[in-house]
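Here the structure is laid out as structure tokens; the discussion comes afterwards.
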Amino acid sequence: MDPVLQIENLESGYGEVQVLWGISLKVHPGKLTTIIGANGAGKSTTLRTIMGSLAPWKGRVLMNGEDVTRLSTHAKANRGLVLVPEGRQLFPDMSVEENLEMGAYSRRARKGEKENLEKVYATFPRLKERRKQRSSTLSGGEQQMLAMGRGLMQEPVVLMIDELSLGLAPVLAQQLFLSLKDLRKQGLTIVLVEQNVHLSLALSDYTYVLAEGRVEIEGDSHDVANMDEVRRAYLGM
Amino acid sequence: MKRLVLTIFVLSTLFVTAGFAQNLTVGFTVSKTGALNVDSLEQYRGFELWRDQVNAAGGIKAGGKNYKIQFVSYDDESNTKRVQQLYSRMVLQDNADFLFSPYSSSLTATAAIVTEQYGKIMLTTGAAEGKTYTLGNHYLFQMFTPGAEYLKGTLDALKAKDPKATIALVYEDASFSVAVVNPAKAYAQQLGLNVVFTEAYAPNTTDFSAIIDKVIASKAAVLLGGGHYADGSTLAKQLYEHKVPLKMITLLVAPDSDKWTELGDSAVGVMVPSQWEPQTAFKAQYGLSGADFAKAYTAKYNAPPSYESAGGYACGLVLQRAIEQAGGPDTAKVAAALNATDITTFYGRTKFSTAANEHGLQIGHAMVLAQWQKDKSGLVKQVVWPLAAKSANLVYPIH
Amino acid sequence: MSGIFASMIDGLLIGAVYGLAAMGLSLIWGVMDVINLTHGATIALGMFGMYILFSAFPVNAYLLLIPIIAAGLLLGLLIYWISVHWVIDRPQLASLLSTFAVNMMIIGIGTAIWSTSPYNVNFTLPGITVGAYTFTGNHMAAASAAVIIALALELFLYRTRMGKAIRAVADNREAAELMGVSSTMVLALAFAIGISLAASSGALVSTLFPFTILSGASYQMKSFVVTVLAGLGRPFGALVAGVLLGLLEGAVTPFIAVSWIPLIEFGLFVVVLVLFPRGIFGRATA
Amino acid sequence: MILRHPVLYIILAFAAIMVWLPLHGNNVSLREDLILVAIAVILASNLNLMIGYTGYVNFGHIVFYGLGGYIGLYLAAEKGWNLVLAALLAGVGVSLFALVLGLGILRLRGAYFALATIGILVAVQSFVANFDPWGRSTGLYVSFDAYEKLGGARHALWVTYFLVIAVMALSMILSLGIKMSKFGLGLFAIREDEGAAVVLGVNTTVYKAIIYSVSAFLPAVAGALMFYKNGMIDPSIAFEFMLSLEGIVMLMLGGKGTVIGAALGGGLYEKLRSYLLTSPKLSNFHLVIAGGLLLVVVLFAPGGLIGWLYKAVPRSRKVLE
């Protein structure tokens, strides 16, 4: 099967500092792909460059075989390339429901807005309870739910999540991972960048390990989890 | 060879004619733009009419020569800062022989510093404030009656009509109106009239509602003040819109303009202290008569002359006479002639103070009080004070 | 009716117009972090827009607001493209200066066309008289129009998809892009609306007082005061703050000379800035 | 160290030329042009201390010039003080005022500071317009015979011209000296990253208040001299917001943060404006042209003329500060 999202030799950075030195990834439909690596390995930078929030210096981004490298962020979002960014990046002055409505902003997501809203509320009942509250008044876990929910409202073709569990209590993190598993079962294509290597390896189908802006290791998550260097470096064994 | 002869001939002709008719340059600024443009334009027309008549008559004849008048003038944008730059320029670069003042007391006071620094004669018109003449000048000569006289006629008239009336003084916080209102307040007290409210407003004020509310609260029956055209016309309009129950309104400068009639009903009954009105017939010892001036002016500009226009023309006339008497344009001689001037023209009497502490101050000219009245043909400006010069009776109260 | 009461009503009526002017500044500042120094020039253009339209079509001046709002939007897009689009990601000084440059150009062109002499829109609605005091019809109509426009903007921002997109961009531009919002388009739109508000406030002022091409400057200053009192990016707050400022003026003027008002207003402005940098009604934290 | 700096000699040569040009042939009209250039250089150089060195945009810089003018004129004309003494006292007084004010408003950063400076400008203007001893909105006038003390008006105008040129040279030397000092380094640290500067142990509040106060001194002295020369002062010309903004334009044009750039921008802008103002064809469009020029500089050459020169001739960076 052809990959739905393919990254070829991506290079980018901030100002004059190069961070990515030629990253190549393939994301297959219906699979959960994780990207792991130490702090500063370039995981978030990879996602931001894919979305175009950061301009790519070199390389290509292909969606269903079509070159979308130079499209603007919002144009990519309108094609269903969805990023749940690190640090949630909610709209603090808007209510919970308005944040979700913003998820359904694009033309393609607009049609299913009502259904999707019901779905999100079903998945995260807390959000329904607080839907009139300003999002900045939510707790950290609730904010992460809202960020996820907002991503789902976008009707993603590929859902990319940056640091799902960062700063959350373990119980909450577990809960979110379980909801991810459900989504993957429903056939959603997911790319996950995570600090929590244990959980992500256990959950995912395919894994990339980044180091210093390059892909160091890749393979089926099961195989990667059993590699010695991975066990030593990332799983503390 | 032929060409050379021709050239020499042409050049020598030029040289010779130049000997017969020289040009005298008179410099001044005009407020073509900004808040003062209405008043300033009328003054400029007075200058212009004088120049055209002098040149049409072959120029000023003095000391056996003919001097044609040419103007150099710029737009001062009603802005004191520009005035200094421009008067320096006219003195230094354009080599003006004589200067006329810009319009308004503040612009004139500012320009006077420059002309005095460079030792040039400036005749001031459209500038009634007297303080400038107390600063020790040698070359300033004022055509307008000083500010202290402006409201005396109104107060005398009020004293005669309604000595118990309460007065509000509302005026622009600018050189001229301050110079008018402060002495007027003292004079009112001297007459035993009751001033119940006094407030100055910033130049460029357009919203008078706060002040109008205070005037109403003070229960004043008479309002005296204003400043120049822009603020005065706005004040009159807003007084009318707010239906302030006033029995008498006298505003400085603004109602003298022909444009005053554009205010419609707000214009009725408003009075203005005036340096000159067409109705005031002086027997001219020098220059044309008042009727001839009004006729020539109306023919040229299709509008009746205001006192700014008359002041502008008279300014030229007085300079012309001084140059004739001095036998040429030499600054010291002309200044001496001006110091000795005591003459009645169509504009009235003109005499400058020669006292060191107020040199150049106008001490010969007298003012009248005019009122806009409705008659069959529409709005007409009538002279109502002093009674000896009146063309109609004062309407009091106005509504 | 007592003097202070009348004076406060006058203040309230003119305050609504101050508020409308400030809304434009506040919206642009809040959404894109640009201090729009073309604000005053745009207000002046609104005044002359009304003058020109009213000279050509002497109908009810307040009906002419509609074409002025539309023209303001177009003008806003143009100014955005000339002066803001290229510097939006640079430090604030850049947009400050580029909008100031455009301000100079507008004033320059305006001066060449209309000079700096005063103009009037000769349109008068009948007023209402209570005791010795009369409130002019124009003041009441202008204040009502200001409130209606402000309410319409509020509805737009809170009830429409486009309006919400503007708020989203103001809140978090990068996240809005991730939602598929073209931030460039939204910024241009917000700027256009801001300019249109400024122009319409100018049009309202022109029905009350005489004006010159330079008259916008003092309303720009007032807009700064109002915006800071209200807190940035709070358009409706700006209307409220504008009305409060008008009321304050009205309440103070019976007791002191009018010429002290700027000192009080701008002194207050500096003190509020130092004590509450986010405005009295501003959000606590972003 | 400063004595060996080439820019010091550029400054001195510049001042010497400014003195020689009008003296040569007693060209009074050239002198009147050049005094305006000198004033522009003074304003731009001192504004540069705030905007260029410290990164704080001061929209109300002209308030120092105007207040200096008022104090100087009041002392020299009304109280009969010696002009130089009156100008110096105006400088000291305004600097102290700025110091106190700065300690208050320099808590604000970025655009908020810029706005506060506008507020101060309007508030001070309004205060002066209501202040009786200073003649309210009519202002103060120098009596014509006051110039007698300086040998008559003709002579007095030359004296004030030389004094203004001296203040101009001092402004540029001050800019150079601060740039080369440790104090200047602290200011640059604030400009680049104020948070980091605090961590590095720079007492930013004091630094900012001091430079705010220093940047007030010479403009105030210049204001005293210039308004004395003009013979009058009133609130609308003393506190002209437009002139304040034009100072920023001059700085951007020349290149903020550099000694030569500030002076160059000030001089060129003033020459351009006066050319446009008096040119019969262009005078209606002087604002349009000046505005267009600023727009081009901001959009395409944010480093100004000096930034452009640095790029074109990289060696110039070493010589020109």
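Chains: A, B, C and D, in written order; residue numbering restarts at 1 for each.
Here is the rule we use: a residue touches a chain if its C-beta (ideal position, glycine included) is under 8 Å from a C-beta of that chain, and two chains touch if they have at least 3 such contacts.
Everything numeric in this text was worked out from a predicted model, so none of it was measured.
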Starting at chain B, what is the smallest number of hops through touching chains needed to reach chain C?
1
What pair of chains is linked by the most C-beta contacts?
C-D
So the centre of each chain is just the mean of its C-alpha atoms; given that, what is the distance between chain A and chain C in Å?
42
Roughly how far is chain B from chain D, going centre to centre by Cα mean, in whole Å?
38
Here the gap between chain C and chain D, centre to centre from mean Cα coordinates and rounded to Å, is 32
How big is the gap, in whole Å, between where the Cα atoms of chain A centre and where those of chain D centre?
54
Residues of chain A that contact two or more other chains, please.
none
Which chain C residues sit where two or more other chains touch them?
111, 257, 259
Among chain D residues, those touching two or more other chains are 129, 137
May I ask you to sort the chain touch graph into line, ring, star, complete or other?
other
Every touching pair of chains is listed here as A-C, B-C, B-D, C-D
The answer for chain B against chain C in the complex is residues 32-35, 37-38, 77-78, 173, 199-202, 205-207, 209-211, 213-214, 216-217, 230, 233-234, 241-243, 245
Can you check the complex and tell me which residues of chain C touch chain B?
2-3, 6-7, 10-11, 14, 111, 115-118, 124, 127, 129, 132-134, 136, 139, 208-212, 215, 249-250, 253-254, 257-259
So in the complex, the part of chain A that touches chain C is made up of which residues?
51, 53, 72-75, 77-78, 82-83, 85, 89-94, 98, 101-103, 105-106, 109, 136, 150, 154
Taking the touch rule as given, give the residues of chain C at its contact with chain A in the complex, in rising order.
161, 164-165, 167-168, 170-172, 174-183, 283, 285-286
Of chain C, residues touching chain D in the complex
35, 82-83, 86-87, 90, 92-94, 96-98, 100-105, 107-109, 111-112, 217, 221, 224-225, 228, 257, 259-263, 266-267, 269-270, 273-274, 277
